[in-house]
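Letters A, B, C and D mark the chains as written, and numbering starts fresh at 1 in each.
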């Protein structure tokens, strides 16, 4: 699929941090959610991940389910220990006819009362062994609680970009040239300042018979805005300076290109820099389309309304065929 | 209201992040408190806000009321569950003559003892069903407590600018020109360093018959100071380089302008960058006034006193009428 | 005290954020600990301070004493409430002969058990009123605990520079000129990178008969170092470019000058920027002295030893009298 | 060991923050883990360290052991206090025949129940003295718990680079010159952006008969990459601009050099800048070797696999002997 690249003006960049050996890469470089398409080996499983970050990045319902499972499992483990020690060491327990199941359930509830430090006391440890296990369990409870507190605060306070990208990148006529446009907006009550955008083109090119991946910085009409409150259409003009300039419609469609966008800004709510990355493969580029407006004046005229669900809305337009004209 | 703009030197900026389609905008662009005058639609209600940020930004009394209501509601819910299960499953409860209300109130108090993990134990769950609910409730208690801890720390540590702006922007004679001045100060025991100010003028202009909004950067006499301990008067000279230069008093008053100020600095206490934004509409500009001093030497001569409530204090002055002279 | 300033080369700076009206200032501008010598009025007492920052900046023993007092006071208040309600509403209380003091002390201990959520239960609330107060108190306990957790974490994690400055600024001969030197080091196991220093001279000058304060940036021989592990001697050469160049020994001693130093760097442990400021008045400048070495090779030759207590150590030297030579 | 330095083009830098007095330094400047080889004296032991940072930087098992020991020790101390007061002040305690050991063990368990605020209540303080101690202990428990919460969150959220360096620096032929290469990668699911590398050469040189340490910035082929997802080979070409250019193989091996690398980037997960430093002494430089590939396409072709354990893998190559050619 290696494409012979013709425009002599274009200069590729070698500091993207991506590899330029096509044969060593698999699939798209950047996933739709912005993460790298990469697997790491050669480190033990537990060192390969930051458990904390997995727990603070997972959806809320998954996080709650994980915490609840943890609570249940710890209680089961300690209930088993109390049963092994003998539930008769727990004063006040009501075991009918030495029923093991009933003993386990009472031990489980005592465990829950100890782990959460609620400690009603109608069941209480009396032997040394039961006391040691209970002292240990309440210590585990304290530690687990401290961990949950940290995880919850981590989830709350972890800076996130809350940014929505248009599903497609559009090829739109603009200022006498074709251009590549994407549109973004923040979808929460957040506000970014000093927002920068960077667009990189990854292209599989045949150079001297070898398939290599080259990277090109795409110039943006405006690459930095003071504040992102409304939507922002990020525009790359396919003019004489663009590496895409002399590509025909067919070239464009056949090229195994990937457009990588990186947005960075200061979030006022988090008081921190937030970042978001995404990429568009050829299938995610719409040839001959333009974005339709996403905001309008409110009916009472006192405010502006931004429709987040229309951030990717577009309509068909004719584009320039200047490739044909030139050839 | 579209104003024909005459000074050919002035160049508008297009990277403010605001829209330039007057017909799509409603009301002022930036609220007095610095937030954007904007409503977002097209996202589900819960995704439109960051609940965490709402809770850490609300006033203390509102926050405490919210937390307390939450505490009461959770207890009511669990009390109802205990009543449904049957309060006879709670050992030690004192229900006189199967009184439902009395049963509910006892269940409510047992719930509070479980939720806060105080667990006196004079009331204690004895059946499997009551035990399961109690184990669940103490788990909910632990989680809620963890959340409150995170929210409180979030409230404490969230960087805030603690900055006071003068209520009015003044038009004051200065260095042979008129100028626009606002004055700011930090009102807490905080200290900002490397403080930058940016002033932007939004102006509704009639260009080629269309009403559009144009934005102009206003040059500031001093736009960055090393440290903001005292007050700072931010000065824009209405000289030949200013987009406001050739506007008459009437133009000025009739123009639907908006002055947007943005301040940014490093707060030493929060060890973080803090930002504050505000805007002045025409009604909030005082034509022919100057700020009166806001600080003076203390009586014992050992310190300087800054009067925060005088940050917006001004007196009348005559301004230059050079527009008239020129025409 | 106004000094007539002679060197025409020196240019003062007006973006220090300090005032230039001598008559409005009292005492030194910057305190020895780096805070501004400033009092703010015109805001209500509680808005004038950030309680959180006061609590996280106070010494550990003071903080512990504050927290403990808070614990005692809350318990006393609730004990009084229980006594008012009637201690007979607390089941299990041992009041001998309706002794009020004994009743208070039992109520106090019950309060402590409720506030800390330890809730042994040998004393327990039985009436509706006592139950309401207890439910409230355990809620207060949870909230207070959450606050203490936040405050402690705030104290732990608050970025601090841990920087020690030499007690005196020295006037030392260096490279054919006199120079002003101070020396700094970090005294904990911390490590700063990209450390910048800024020196500003504040000088009370008589200009056109008015006493004003002027500020001068003092050029530093090295103003940025890659890493601050050892000590750093910050050097300002009093050469032709220095505002201090043409001042005689007597001028220097008589001038009501203040040398303000500001250090800023990235702390690797806190992963944050830390800052420290200090100032030297004329009394804190040592005329004719140089720093003695503060580090040496360890006896076993495997490491370097930095003596923090010698950071301000100096010995006498003769300085250039080039003022005299010139006149 | 002082080496006579010949290349007149090379200019040393004096803002590294390291000392240039060889005789005052001991051992390597930077440890393999990036910390300075430095000991500080002259400050009291407790001021010399930040206990918080020691606790959040230690390995997990050590931290857990420390916390657990703390829990055990506090309980032992309070158990002793209860025994001294007299265990008969603890209602419900089961002491057989005034057995001291049994009394201590019961007091220990009561202490654990109080410290963790589990407070079953089958043992409860009845006298004023026991009540005071118990109220104090539950307060200590609350504080300790708050501290553990803060420490755990500190451990979780403390930004770390999670970066692996090749064990050796290689001298590899590259673009017609020899070069010094090291290779790095992040080994967790983290992603760095705007990553910068800095290489500094420390060299013990004999200048005018004195042994001094000089520092040279080593130019890097690429010193900043947009994103570090894969591995990054950091290359210094030993060309005419390099301070190492005219050194022979023997010079190189005999010189007491140290290569100090400093990497800095923005970590997306921590939303913070992370840094890592390391150094290579002569023994850690491999003369005539090149890195073997560390990543390849996955078998199913959909992703790229990075082998972290091969980050330092190299094979032998011949290097240029241009020193010989030149001489």
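The rule is simple: contacts are C-beta pairs under 8 Å (C-beta built on N, C-alpha and C of every residue); 3 or more make two chains touch, one makes a residue touch a chain.
The model shown is predicted, which means the values in this text are computed figures rather than measured ones.
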Classification of the chain A:chain B interface as same or different, half of numbers criterion: different
Of B-C and B-D, whichever chain pair has more C-beta contact pairs: B-C
CA centroid of chain B to CA centroid of chain D, Å: 40
Distance between the centres, which are taken as Cα means, of chain C and chain B, whole angstrom: 28
Residue list for chain D, restricted to those that touch at least two other chains: 113, 117-121, 145, 149, 153, 272
Touching residues on chain C, where the partner in the complex is chain B: 14-19, 21, 23-27, 35-43, 47-50, 52-54, 91-92, 113-114, 117-121, 123-126, 128, 131, 134-135, 138-139, 141-143, 145-147, 149-151, 153-154, 158-159, 198, 200, 262, 264, 270, 272-275
Contact set on chain C toward chain D in their complex: 67-68, 71, 75, 94, 105, 108-109, 112-113, 116-122, 145, 148-149, 152-153, 156-157, 162, 187-191, 193, 195, 222, 224-230, 232, 266, 268-269, 271-272, 293, 295-298, 300-310
Footprint of chain D on chain B - complex, ascending: 117, 119-121, 149
